[in-house]
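Next, two complexes with chain A in common: one pairs it with chain B, the other with chain C.
== the complex of A and B ==
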């Protein structure tokens, strides 16, 4: 997922931003500046007095508190040596370079760079095989591609087994005055790199009321996320954008600060807080990226009222364009694919798929729907209620009965949480299973997804990057007996409650987006087109 | 004069029938198939001992009649029918032995035999042999001993199939698989992932039982089967019935599990003792599936939509033989293509339809 808790630094942030968004290669000076700053980071780290170095770092980057963990990461990775399939975080994450760094000659820089790369390669061989992204960054000698040279930064929430990362995160949260959420329960060893929280211990218990650091709308939103009251990627993004609108309305620029810079810095602790409540989804990450870009593009001579109005307008436009109108466009395309007499299978509760089915029903198509549901979330019941209210005739089964019901089905419509750049569909756990069984019965599988959910990450299995939900959700009481009640007491028993899984593209026949109907493998093409447009 | 069942035999038969009727809906105490098989065989032995019959044909008639009643009480409990067919085959064998003919020629359905003599028909069972009763009862006792040892025999083979540090996946609860894994756990360390198998969630009991034996167990929801399958080395499942074509009638969710295993080329091993082998084929659509109360799936608390929605709660799944790698039974391991041969050893073709 996208951990967008980073910011742009002062000064050259603008140039690099503009260069990146225009898709040009960084100029030599900019590259040098980046390298200088990275080298400085490494030197400070190597110093024996770690604390002193961190304090001096803090001074230098007072305007960019959250960039320390990511820059430490970038110091470990080969700079600019990755293909365009990079995660969502801002490309300028390594940009905060204070101007008071000592200048070095070109030869010295080159020598230091080479030494650093050798050290990185040696250290990398000692590491365990990790995310595939890391293997991609191991090509230390690869020249930067002519596409945007984006430096990879591993998001924190998939590095829970790395104690250094956890320490840095704790320090960062302390600085931002946000409580750190602790993991709960025994984690299955395959997932020791992910967080696992309990719903009974929400983050807000550790916050003081009223919270001075975090806007109350954000606190409420975080609580809604962690308790599962707001769930589903569209709902979460829209709620996030509305909360940000409230934040912008209540914002006043402090004296001697620029709105474009200060507001972005204000948003960072909020994003960290929301990330602690529940890891950000890909759609939320894209939305945050968009907002930050808009805020930083506000010209400095713009008056505060006008700037705020402009931002609110931007957010409204984003919601309208990317979510509401996109849903209309997708519904229009999908209706062509629904014919009379169809039996359509849907899984869980996807707001987009529900919208499509309701629209098709309004237009007079005759079909019936089979809603497949799964424990422990049982989201299908919500979809069932919505469809039955409209008058659509529905059948309801659990996912274990899907191979019983599939011979009756003519089409499968699935929603998506995100579409990855290698064509895999990331969606609610169980989606890949349904696609698998549908393929075995030769039933077409159609995935509906708006383009703002397209993500530049790549992933091949459901282990490396996922979300672990509260394991206590799996416990059920049947006939008065709760079998797994004391699962914590038994050492060798673990419960696993996954939230997402990835569906390989050969199971998916068609993806319906607001740009049209495309095959799964065209996702990187769409991403590239979008980037060029921006 | 056909045989008759004495009055005092009626009550145990009725008790057994009512047990069968209650046990199948998922609400009464769930009985393992091994128990049902044992009880059926014990009851058949009692019928043989206490009913009034003079020739093998009479006995077979009685057993068939009572057997039909037992099967109609709970059609999904196929072990009852299987045991009845085994006992019928025992009777035929003992009769043939008493007559002095070798068993081979009598039961072989060679084409020549079928054309010339038409096989051993019912009339031939009219002869009376004094020792037949004792022989039949003795043979049924052997069958009972075999039934008692099946789980152990299957579990004994565990170490041949499980190596250390494996990740094994299973679904729901099968006593045979439980014994199998516990036996292997005595000598090897491995990890088991149990799919909980909604809505009855029998996987939870399986997981607690395995973890008490010291096996590293993880419980996952049914929806995560495919997500987790890439890290699984073997899938070991139990089944309710093994069908005549080598397919399975297993708990719902097994077909998905088998497809996921096939996709990842993970071997699928079925631990099924011989008494689960049934001469049925999966073609009879209306008798294959069994449904229980949909309130397990959509409870009555969802009242306002209940009346407008169709809810299905099937109990079984059909798994085709192409997805299965190996059957492990009390007499060893077999490929699915060999099942039809085992069938001909256990049951007589005329008994396939009771």
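== the complex of A and C ==
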């Protein structure tokens, strides 16, 4: 029994004790309170568990049975009214009790504070749950239950049909002096919770021309994102870091401010701006997290010049390690998987897959490539150009022909935009199709992805979080006739231009990362290892 | 800072000497505002806070002292640089002159540009593609008004400009003037190989609005032979996009290339500004799956480092007031650019005056009874007496029109006096001129004798 972690005020406990001793039945509130306490104790026990595992090991566990009797005594001493049905304490949790007696008081206080905070949060959630029900779109707003004292907040970019969220976003942008980009055109109802912008209405229309609020490098970057000049997960991250380098170079700490705090605040409006131009990718998100961490870790006594140099160096290292060297490592692993006489199928233009294939060709492997492409982006043309330029013999088909061509294929190499925490692969729309058909034909599917693209999101379908591109891209003019020119006038017609889709791990046979070749289900392990490292 | 604005207001107005011999071109009234107010207003609306104005001392004096031509509405900080007006200073020479003030990329505007273009279109091309030059052009409109003072329809043989753009209509591939082409239009093979489809347009008006990289200004200081932006610098930059030495494809040391490099080397390195993080930019471009053209084996932009872009307006106003016809047309269209009331509040207009809604009356005017004013612009402090009929006319400031006059399709410059009962059709009356009463003039110029 956890004897630390006093939760509610002692009076409540006294009440309950009294009630118990008097033999009366506990009222509903009291029962609720007891349940709360139970859960908080559980939480405290888990925290103690972590402490135990960090500090000591088996000794404690062996000492556990011995410590049972003393804890019983302490339990009676402690003014805790825990009913008999209290959760059976894990023996390991009692381990730290005898071991670190001097630290117990501190730990006790900490746990008390934590438990109190959780109680407050739980009570707040109870209130929120009633108010927030109508606002929830029924999608994923986690019901604020007492089981999860942590409030789960949905990102605003997938709550576009919620007017409150939009208002909040407008307010936030106004504060940061960034114009709000308005949605364009009719959105298909299944995706009405996502933003849909038009390329012909760039965000720079509403900015002043010599942009003073936003650094010119960021404005240029935003333009390049929204026009598609910089496209592809790796390219976007590298361009982002390049722009941040320029921002850091031009930055001067205002008087009475610290670089570590002020620079992070300066970056926030830039990130909002870039988000408005085009939703951030998972790789960009991870890069931004890294930069923010590095900036906040700068010691305050560091001089500005030195701090800037350090940061620029960090950025260079990050790019070098996570992108350039990772690509080399992945190429090394992949070459083992490519044998002579292979027919490899690739989809769209993934910089990593192209790199792998070029490297394999240089190393002398004999293979041919089938490039599968899809409208409206037709990125496969660019992949085709790069491969043919190197001398690799290629075939080019559209995605509608994939089931006809698969009997010839021996392997499928796919690139990824992000790898989600439940093993799903988020990639260009059409990838899951290819993986599905390949599975049907028993062709191995290998996904190549650097570890910096692993993200902690969990998604099982392509609807909940996606990106909607400009619907006018689907309009094509052939022989002088544009059939879909007036699509907006037709009420029952909606144009949908999805950018991403998720592939379940059952269809993916192997993921090649810079850490090695892992199965899709090992992604959460990698994430955990990464978090521990950081 | 991203962009610095430079306003070129030292031009002489050589193609409309009738109007400019007394008033310098930047101060000519268009819709009762000085001509240079329009580009300044454009810059201010877009968000510029400072403008470097290159002008002559005379104009500077007029700007600050002349009460009729106050530039109050302009809230920006104007940094006026005076140059000698008799010196043969071309626009590029002027840029060279202010080179120490230039710290970033510049936006050069000419004082005679009246437009309502969405400036972000031009600047976005400049930003997104990291271009060396981005300019604005517009489809030319035919001027339908009869030009006063011209006897018969005399079509001046204007030298045509040939502008070649690529399929998207944004990349500038070719620019030449008819005068420079003796044996016809010749296009280099290197351009055709890279851009097999080129649209050549001749009916475009160059708005003289350029976004230039800072490196170009530095390049100008090294090369003192270039004196005009439009005439020499822009065609040079457009040609240099495709020159061998600016392309990074050929890295081998060819012997003949080396000689050429030595000659052009100094010139080209100026233009090829490399940012400090060039390898990063290269990496980003390599990894990006975007290409600006399809169908051949080369990478985006064909590996070229220099790019020139143009934004061609097909809708909206864009006038360059450098001829009399343009001046008249601009006067008609200019009211659409600002929302001030057509009639200035301080003008005293009698009630029995017939005034069309498309006329503009300036400040402190006095318009008497029984006058009819249609489709005209009347300047500040003008006195129009009774029974005057004014149609399709531009009347500048301080003019007195006596009773019973009939003025049609004319331009009356400042401080002129039109005597009683005069009848003017398609005339141009110069500054301070006096038309005798009962005179009838049709299609004449009257200029002051110097």
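Definition applied: the second predicted complex is superposed on the first by the 381 of 534 C-alpha atoms of A that agree within 3 Å, B and C clash if a C-alpha of one lies under 4 Å from a C-alpha of the other, contacts with A are read in each partner's own complex, and residues count from 1 in each chain.
As a convention for this text, a residue touches a chain if its C-beta (ideal position, glycine included) is under 8 Å from a C-beta of that chain, and two chains touch if they have at least 3 such contacts.
For clarity, every value in this text was computed on a predicted model and none was experimentally measured.
Asks: Tell me the contact category for A:239 with respect to chain B and chain C: first, second, both or neither.
Replies: A:239 sits against chain C, while chain B stays out of touch.
Asks: Determine, under the contact definition given at the top, whether A:111 touches first (chain B), second (chain C), both, or neither.
Replies: neither
Asks: Tell me the contact category for A:208 with respect to chain B and chain C: first, second, both or neither.
Replies: After superposing on A, A:208 lies in contact with chain C but is clear of chain B.
Asks: With both complexes superposed on chain A, which partner does A:529 reach: first (chain B), second (chain C), both or neither?
Replies: Neither partner.
Asks: Just to be sure I read the superposition right, which of the two partners does A:401 touch: chain B = first, chain C = second, or both, or neither?
Replies: first
Asks: Between chain B and chain C, whom does A:381 touch in the aligned arrangement: first, second, both, or neither?
Replies: Both partners.
Asks: Considering only touches as defined above, state whether A:219 meets chain B (first), chain C (second), both or neither.
Replies: second
Asks: Can you give me the overlap between the chain B contact set and the chain C contact set on chain A?
Replies: 381, 385, 388
Asks: Taking the touch rule as given, give the residues of chain B at its contact with chain A in the complex, in rising order.
Replies: 193, 196-201, 204-205, 207-208, 211-212, 214-228, 230-231, 252-253, 255-256, 259-260, 263, 289, 297-298, 302, 305, 308-314, 317-318
Asks: Looking at the complex, which residues from chain C come into contact with chain A?
Replies: 1-5, 46-49, 107, 118-120, 123-124, 127-130, 276-277, 280-281, 283-291, 294, 297
Asks: Can you list the chain A residues touching chain B in their complex?
Replies: 188, 190, 374-376, 381, 384-385, 388, 393-405, 428-430, 432-433, 436-437, 440, 461-463, 474, 476, 478, 483-484, 487, 490-498, 501-502
Asks: Which residues of chain A touch chain C once you look at their complex with the stated criterion?
Replies: 202, 204-205, 207-212, 216, 219-220, 223-224, 227-232, 234-236, 238-239, 241-242, 245-246, 249, 319, 323-324, 348-351, 379, 381-383, 385, 388-389
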